[in-house]
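Two complexes are shown next, each including subunit A; its partner changes from subunit B in the first to subunit C in the second.
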Partner chain A sequence: MNYFFNKNGPLISTYLLISIGFWIVFLIVIPQLYMLDLSFRPNIPPLLRGGPDDVYTLVHYKHFLFGSETSGESYNYVDIGVFLDTILTAILITLINLCFCYPIAFYIAKVASPNTARLLIVSLIIPFWINELLRSFALRILFAGEGFINNVLIKLGVIDTGINFIAMDVALYTGLNYAYILLMIFPLYNALETLDKNQLEAAEDLGSSMIRTHFRIVIPHAKAGIASGCTMVFMLTAGALATPVVLSSPNTFWFTQLIYQWFNMNDNWPRGAAYSIVLLSVSVVFVLLMMRIFKVKIGEIVR
Partner chain B sequence: MKSQQALNILLGIYIFIFFAYLFGPLVIMSITAFNSAEFPSVTPWECFSLRWFNEGKIAYDGQHLAGLATDWRLHEGLITSLQIGLGVVLLSVPIGLSAALVLTQVHSRFRTAFYSISIMPVLFPGVIIGISTVVLWDRIATMGGGGFATELGRNGIFLTILAQTCFISTYCFLIFVARLQRFDQTQEEAALDLGASQTQVFFKILIPYLMPAIASSCVIAFLASFENYNTTVFSILSDQTLTTVIASKVRLGISPAISALALVIILITLAVTITYEILRRREDKKKKKLAAEALFVQTQDSRLLRNGKSTSTIPKSIFVIIFIIIICIFGFNKLVEKGLYGSVCIAATEQEKQSNFAEQLKLLQNNAEVAGQTSSENGEADEKKEYDDIFGDPNLFKNFGGFDAKEEEEQETSD
Partner chain C sequence: MSADVELQNVSVSFGNFYAAKNVSVKIEKGEFFSFLGPSGCGKTTLLRAISGFSDPSDGNILIGGQNMAGIGPNKRPTSLIFQNLALFPLMSVADNIAFSLEVRGSGKAERRKRADELLELVALSGQGDKKVHELSGGQRQRVAIARALAIEPEVLLLDEPLSALDLKLRQKMRTELREIQKRVGITFIYITHDQGEALTMSDRIAVMNQGELEQIGSCNSVYEAPNTPFVATFVGENNAFYGTISAVDGDMVNVSAIGNNFLAKAGDLGEGRKHTFKKNDEVIMFVRPESIFLKDQNNQADNIFTAAVKTVEFEGNLKNIYLSINEKQDVRCSVSNAVDTMDLSNSKNVELKFSSRDAIVLPVGPLAVD
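Right, the complex of A and B next:
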């Protein structure tokens, strides 16, 4: 500690300690812990807080699993269904994104000339800077009942009446795929860029086929990038709120929308907090899983 | 080799499709901003108009659809967003900087732990950061008992700044870490040996070295704050930012004014990106020239210098800019020829719609008159009966229902 003060001088040391303490304790740790605490509390009006009724309870987690006591069903099929749907869809979208982005990342990193690569990267960044809501809105224009795709298809004579893409969730899935595609490309690109081109040539000279080279050399090399991209895309997809708000059909719920409902419409904050904890734990499990599968450190996932 | 060529062509097609997928929706959205129809679309093209950038329109059924320039909610949201963005930049850049500095000094045993904690906020879903901040501050506000803390805890802008700072600091942290990795520690030591105080070293050596990182983290922090929705929607409480205004607009029914807004944002993004690119290229060229000169000084080999000198050509970007200007002038000419807002065309379509609507309105007025007559007749006879008859009049209700149903239809189609 003394060393620290000596090295930075009193003024700078104070600044460093205060700002980091403020950030880690006040912005990261305490809010999360308090939310965890709240999720075990009953939903009672503020005046009764701290009174005899304010005891720890599992009622919100029970509600997530088994539903309200008045309902006849043994499990809370609706909420669990939404939850599983969200997680599975997020995994599926992550995989699709990976397959979709891999050739592009490989092309930019290894095949294209430096100038072309630079141009492509800049043009990839541009859509990413535009608000997620507005990007979803663009897709909404395409997919709406009287939207662009339907009108074109009708004009071409492929279909007679408009297809309801939004009710079929096609719009939602495309939107989620579209929203986070760049977060898959950049980690992949960063990982692939460090690959030595000589390795590829050596593999080719030794008679390895294109596909084999990819599976034996390129993909193992890009491991950290794949892990990073998949984690980011999964996290953002599972925790997405903007895209589902714009693109989901009235009868499809995303898990975050459920949380939003408990918070803002039903005014049941502890239950919302409990559901958030469920989402958070899934995220943590996913990160740990990715670290285990790809044998990477957490520092390699977030760059 | 032939298979290689075929593969390349396939790859080319793939890349084309990919970029079409990336840009297609944005381009189409931009085009819809110029269509005068109140549903953002391309194919039933009504008229070319700039009305969605200006005053919007009053639909033929009396519904007011605000344009970009007249929508005060958007303006208020924009101001709030700017305030929040400024606050986030002011908080998160110093925090990110100090965290990165401490990371370089912390004992290697704690380094991994410290790093993991610092990057955790990025891995949390944004929704959860927003919720946890609100929950905590609501508690603080209740405990504050109506004092300053209560005021602060119920202030949406303050909460949003805190919640966004939580994860945006990590972005800044990562940018600073990347830059600090290339920092030459001997510079600091030299300064200290020459008698500078630690504070002087910090301000005279470290900060100037980190200036590019500070600039880029300011930009990134502001942009991330500006376009954030997931966290903001919880922490903003009763206020509105630009994104939450857009979200509520989109949920109510989509209007081309949003397309117009998107187009403005796209254009700003494009302008910023292009400027940045040009500046970066110029810097690169300068660096290359300097390196070539340094090499020349080192080796005294005159062959090396020749490459450096021949770079004084006209930059190609000027041709592109001239081309764009010519297209703009041409387009503007065309616009003036056709009437600036396409007002003739709009008037024609409006007429058509109105005549359709006017019939219904006439019917409505007729019915209302009939109802009025009956009620006034009754009023002469018996005052108490008057009320009964108004509500008992089947015509009145039918018309009212008719009007409502019409509006509902409108909303459905605009969905």
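Right, the complex of A and C next:
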């Protein structure tokens, strides 16, 4: 602490401590603690809060697992189904995203000339000036029954009648993949950028094929970047709302849509909070598990 | 002996810039051959062309008589040791060495056996399970050599691999490299800007400047009989006296320079021929500092001149005496530190001498800038 103050001077040190402290305490810890607390409380009118009925309860978590007491099912198949669907789809999308972004990031980091690399990075960033909702609606137009893609395919004679991309969730997966692409590309790019080009040449000189060089040299080197990108994309995809609302088929439901419904339409904040906590904790546990399996330390991710 | 690596009029250009210009060399099998030159002289470019990482814009590269055009680095019988070694940091030492065997699909036991053999060759037995970063600089060097030898190359290419080591280790590694080369008996092509390295290890040296070959020859001939002023000044130290020819007698010439008349021999032109001069030709006469003696030293000399002492510098085994002739011509003279230089005070005029056999006359040309 003394060292920190001596190094940065009293003014800057105080500013850093206060601003970062504010950020962590007021914007992260307090709201999340409030949510955690709320998730264990009954959904009662404001007037009764603090009264005898306001006691800690597991009713919302029970609801997530077993459904309402009036239903005949032994488990809440609908909500659990939506939840698992969301997690599995998020995993799938993260993997697709990785496969899609790795070659691009490698090209920018190691193959392209500095000028081309700059141009490519800029052209990756600029589309994200358009807001997420607008991008999602644009995709909807593209994938709609009488949308651009169907029209072109019909004109070319590839198909006779339009394909319902929305119902097949092709539009949703495309939209989710695209939404967080930068969060995959940049960590990958950062990690790959630090790879010494001589390593690639040395491997080639020793007879290694390009694919082997990637699996033995490049990917191990970029492991932390891959973990960082995958973590961010997975978390954000599992927690996405706007894209699923716009692009999902009528019978696909994203778990965040459920949460949104509890908060807004059903006016049941405690249950929404409980569902949020379920999503958050399962996502965190999953990420930590993956990091353990692939032997990545949390410190490496933020490097 | 057959030529193992042959460069036929090889040029490498980047746009309008020629990194290597019309280079022709025949390197024999089992030879330790060095390309020596200042940084930016095109030697690394040539090495990359031989290894297959870049293509010559003109000319042919033949290895074992076969034209290498269109053959990638992974298909050539060459192995390159990079300047920064480019060892794989996430693999063990043994995995590094056996990487080329892994690539070819050898089994684990076979890879381990080969790695152990190579570790023994480079005197690193028992270090196979360590990570690269646990080794010292010299040990890493040897791992890089072992890894490069694992593919059983016909030609080993070395891109200044010793430049990151400190002086003592570098000197030790020179001897070791030379010994390893004798043991494996393959061709080594070595790139360096350090003439000491080139002179101690090589069978032959090619001196390069600005993309062009200046001279190819044994260490002795490059040092003792430079063909150009660049070679004379780049390899070792030299005093350059600008002057004109006043008389020619066979291979011996008289040079008049800074008010003196010196007897010297005409320099070699290469391929056994000598430069020929006629009266009034502008020339440079080169005399090495160790060939110039104080007059009272016991050495034969037929040229005597006077110069004023500027400084005397102690360099361990040698003393360097810096002098000047009429403030116009700097002269450096190196004497053994056993020579008494106590009475060589500043500005004192002393008589110096050198033998005409040690004075080489070459046509005027660019010197190596230092």
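Keep in mind that, in the parts below, the second predicted complex is superposed on the first by the 267 of 303 C-alpha atoms of A that agree within 3 Å, B and C clash if a C-alpha of one lies under 4 Å from a C-alpha of the other, contacts with A are read in each partner's own complex, and residues count from 1 in each chain.
One rule holds for everything that comes next: a contact is a pair of C-beta atoms (placed from the backbone, for glycine too) under 8 Å apart; a residue touches a chain by one contact, two chains touch by 3 or more.
Nothing here was measured: the structure is a model prediction, and the numbers come from that model.
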Partner chain(s) touched by A:Ile91 [first = subunit B, second = subunit C, both, neither]: neither
First (subunit B), second (subunit C), both or neither touched by A:Leu11: first
Which of subunit B and subunit C A:Phe263 touches, first, second, both or neither: first
Partner chain in contact with A:Ala203 - subunit B first, subunit C second, else both or neither: second
Partner chain(s) touched by A:His221 [first = subunit B, second = subunit C, both, neither]: second
Touching partner for A:Arg212 - first (subunit B), second (subunit C), both, neither: second
Partner chain in contact with A:Leu153 - subunit B first, subunit C second, else both or neither: neither
Subunit A: partner with more touched residues, subunit B or subunit C: B
For the subunit A and subunit B complex, residues of the former touching the latter: 4, 6-9, 11-12, 15-16, 19-20, 22-24, 27-28, 30-32, 34-35, 38, 46, 49, 100, 103-104, 107, 111, 122-127, 129-142, 144-148, 151-152, 155, 178, 181, 210, 231, 235-236, 238-242, 245-246, 256, 259-260, 263-264, 269, 272-273, 276, 279-280, 283-284, 287, 297-299, 301-303
Complex contacts: residues of subunit C adjacent to subunit A: 51, 53, 72-75, 78-80, 82-84, 86-88, 90-91, 99-100, 102-104, 147, 150-151
Touch list for subunit A against partner subunit C, complex: 196, 198-199, 201-209, 212, 216-217, 220-221
Residue numbers on subunit B that touch subunit A, as the complex places them: 7, 11, 14-15, 18-19, 21-23, 25-26, 28-29, 32, 39-44, 94-95, 98-99, 101-102, 105, 112, 115-129, 131-133, 135-136, 138-139, 142, 162, 165-166, 169-170, 174, 197-199, 201-202, 223, 227, 229-230, 233-234, 243, 246-247, 250-251, 254, 258-259, 261-262, 265-266, 269-270, 273, 277, 413, 415
